[in-house]
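Okay, so subunit A shows up in both of these, paired with subunit B first and subunit C after.
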Partner chain A sequence: MNVKAITAAFRQQGTQFLADPQWIIPSIIAPFMFTVVALYMYSGAGELDSPIVLTAVLGGGVLGMWGNMLFSSGFTITYDRYNGTMEPIMLTPTHLIDVIAGRSVWNVFIGMINAVLVFISAQLIFGVGVSVADPLLFFPMLLMTLFSLASIGLMLAALFVLTRASYVITTILEFPIYVFSGALFPITALPEALRPISYIFAPTWGVDALKTAAISGYNTPMASFGIWFDVLMMFLLIAVYIIASYFLFMRIERNIRESGTLARY
Partner chain B sequence: MTFVSDRMRVIKASCVLSVHDTFTVIRPAVWVFLMVVPSLFSMFFFYMIAGYATGDPDYQDFVVIGNAVQAIGMTTIYSVASIPGDQKHIGTMGSIYMSPSGLFSIFLGMSLFSILAGFISVAVSLVFAAFVFGVSMASMNVISVAVVILLTAISVGGISMIIGSVGLYLRTSAILANVFTYLGLILCGVNFPVTDLPGWAQKIAHCHPLTHAVEATRGAVGGSTVTDLADPILMMILLGIIFAVGSVLTFRFFEKLSRKKGRLDVF
Partner chain C sequence: MSGEHEYPVVAEGLRKTFRHTRRSGLPDKLAVDGVSFNVRKGEIFGLLGPNGAGKTTTIKMLSTLLIPDEGSVRILGMDGIKDVKNVRQRINLVSGGERGLYYRLTGRQNLRFFANLYDIAKVGQEALIDKLLDIVGLTEAADIKVEDYSRGMKQRMHIARALVNDPEILYLDEPTIGLDPEIARDVRSLIRKLAGSGKTILLTTHYMFEAEELCDRIMIISKGRSVGYGTVAELKKMVPDTNIIEVVTNDDPHDTVAKLSSEHFIQHVNTERIAGRHCTRIQLKDRTDLLSYLDTVFSKYGIRKIGYDEPTLEDIYISLVGGEGQEDGGHHR
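This part shows the complex of A and B:
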């Protein structure tokens, strides 16, 4: 791991984000819109300070973080290809995974801002009572959930190096994670055959941990294992994603150099 | 007459070229997959939320039909609006500007395939609604549904071109298209009735063709004839004409502006 390269990539991603303010739209505004839809759908089911509505706000925040992470991962390689910066990156002695990791950390930072803005706007605009039962537990869980999303983003970014159609894959992947993460409805509502898919996504455990920390008396079959089981599962899955990303990046870097398909788009 | 036939030739050539471009980047099978999977999952996602929030099967049907129509957002709105930005990125914008064919005709031709794709995606989503989500289509009026979907694709295509024209000036309009698609989820009665919105938002909602498309599709699935659906259909035609004229004007405006500011090829 090259910390210097990761820090530089973090700074570069930040500069690029601020230089092209359009990115504020998918990063900040789109998650807010998702939360609004969820709030309207859930508000028919209970008072605005009921746990089910708080679920919508928490879920909306997580979906926003995922959307931001997915599109950032998808576009990061695509834009390098468009801008002609892919070849110089590959020519440096720094591994691509370090560059992408730095960018992913920036995305975590923006995702964090996302989530906070969603919570604040739900409170100020819709008057949803966003009272977190255990704030000391909630914020570390939020950060871990974000890192779990970033680790998936890292893995996907490796695959996006291989394809000219990363935007196609991002579009395809957006909703499945929404469905399987249990962000806006518990995974117990899914057909039984589909539930195991949810368990292999680290954000599913993150969502469960967030809800356990935020909602008093929150109880699902997953929550019955306790919040520390969620944390353990997140750690395990994040480790798996990062190790898989490392091997994917090494393999892909070698393959694209051999096949000469690096800058193809 | 020559002017019209020349324009038609340009539109046709641009359309053929855009189909060729699309299938050069992605295989036809992947393209079909792209049309089918996101719309199926978005329907499933909101279907599950509706079920969890209320447990009311009628509300779930309401949401499924709404999202079947909203599928056009992913195919038509996003694809059409992205065209100018994409041309900048792949370096063909300069050549397009320099050709004597007229920018609008070229982009209209390039948009036609995405407009057709929008029509197909809504039709496919309605098939999902029936066979995957169990929405009853027993009393569906097929002619009404076909008319409504066709008008939806055309009217949404017009507004997508307006968004796309911004891409002549900005780096890309794809992001703006994304927001517009998400706005559709809030404003157009896709997941909850438009009447739940505040008064000012309802007024904006009625200027969006998707609002009338969603209302008309629900009616057509319920058995309403084209005559029964005269109000939303006429509104879609009216909005379609307004947006078509609007797209010509905005293309001219942003073309002039980007020439003046030297942003023809900025991305």
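This part shows the complex of A and C:
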């Protein structure tokens, strides 16, 4: 792991974000819109300060952040292909994974800012009671959930290096997390045969941890193991994703050195 | 002196085929076919050839971006295919064209990003960036976004980016392509300056005059194969039978030139207007004495001068490559 390169990529992504206002759409506006939609869906029930509305805010926020993470992972590779900067990066002794990791950390940072914005606006504009039961647990869980999303983004970014169709793929890949993470609806609503898919998504455990920390009395079959089991599962799965990403990047770097397709756009 | 010190770049039997997917229906393309050469320390070595000859593929194999199907690459004594990380610390590559920089970042931000990827120490990093900007003459544009740079400024920024790790070997892939003549001259002058500072430079070009002006040694490459290799003087010896006749006329001999180009004894013929006169250069296939014949043929255009001439690099190139990729409107058989 090359911390200097990760930091450089983080700064580069940040500078580019500030220089290019279009990033505000996927990073800030889209997650916010997700939350608003979820709020309106659930506010039909009447009580805006009920736990179910808080669940909606959390779920909408997580999905919005996932969309941003996915879009950013795909876009960052496409952007490098378009700019022709993939080759100069590959020419350096730094591994591509470190550059993409730095950009993913930036996405986590933006995700945190976005989460704060969602909570403030839910409270101020919609009057939703979003007081979380255990703030000391909630914010570390939020950060971890964001890292779990970023680690999936990192793994997918390796695949995006191979293709020029990352936009299409990101659109398709947005949906599995909607269905399997438990962010929009509890995974107990899924057919039993499909639930193992949920368990291999780190964000599923993140969503569960967030709800456990935010809603007093929250109880699901997953939550019955306790929040630290969620944390353990997230750690394990993030580690698996990062290790898989490393091997994927190594394999793909070799593959593009053999095929010579890096400079194509 | 060890090979590593004398020849920092050694390529042996490089071969590369680009394979298309079955779905594309396109045949595989043999881009480089058994190319071998070495580059001496501190020299400017040129790969000269028409578009699609395999120059860029060769330079990419030498700079770790491509793995050859066959052959070996030794860079500064290291395995240029396997010892990628160490090789990359000591080389760099400039590609011609508009791409390769972050447009939304300033020149300085671009350089800072790449300096960090080369693990350049923070202490002294800004001084290094200032120095590089000064070398390429972009000090005043340092804090302007690259998207506002002219084509020439972008090319100079490419060079600054490629110098960020102070490479011992610098690859330049068509460094002046698409540049205005004046800017291209500045870039060539910069290349000479870099070679003067001790860097080993390998450049690709399809501009004859650029190769002749800059390169100590040249390899002419055509259809993936080396067809000539050495100094310009050595290359001239490779084609001793080349017979060049130059005719300077008052009027445009265009019709005759077109007819001559289809004659079996002509290798190549082209004409251009220089200082109000028409200069026609005829390359014969062998040492046939056609001076009196051509004197008759061109007499109606008002001959100012006619005679044999020494072959230039361009003539040698045409003789070896067959005029492929010539951009001067010449005719050849």
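Basically, the second predicted complex is superposed on the first by the 264 of 265 C-alpha atoms of A that agree within 3 Å, B and C clash if a C-alpha of one lies under 4 Å from a C-alpha of the other, contacts with A are read in each partner's own complex, and residues count from 1 in each chain.
Please note the rule applied: contacts are C-beta pairs under 8 Å (C-beta built on N, C-alpha and C of every residue); 3 or more make two chains touch, one makes a residue touch a chain.
Here the structure is a predicted model, which means the values were calculated and not measured.
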| item | value |
| --- | --- |
| Partner chain in contact with A:20 - subunit B first, subunit C second, else both or neither | both |
| Partner chain(s) touched by A:189 [first = subunit B, second = subunit C, both, neither] | first |
| Touching partner for A:93 - first (subunit B), second (subunit C), both, neither | second |
| Intersection of subunit A interface sets (partners subunit B, subunit C) | 20, 82 |
| Residues of subunit C touching subunit A in the complex | 16, 18-19, 57, 60, 63-67, 85-86, 88-89, 91-93, 95, 97-105, 109, 112-114, 116-119, 145, 161, 165 |
| Parts of subunit B lying in touch with subunit A, wherever the complex brings them together | 25-26, 30, 33-34, 37-38, 41-42, 44-46, 48-54, 74, 89-90, 170-172, 175-176, 178-179, 182-183, 185-186, 191-192, 196, 267 |
| Subunit B partner contacts - residues on subunit A that touch it in the complex | 20, 22-23, 25-26, 29-30, 33-34, 36-38, 40-42, 44-45, 52, 82, 164-165, 168, 171-172, 174-176, 178-179, 184-186, 189-190, 265 |
| For the subunit A and subunit C complex, residues of the former touching the latter | 2, 4-5, 7-9, 11-12, 15-16, 19-20, 82-85, 87-94, 99, 254, 257-260, 262 |
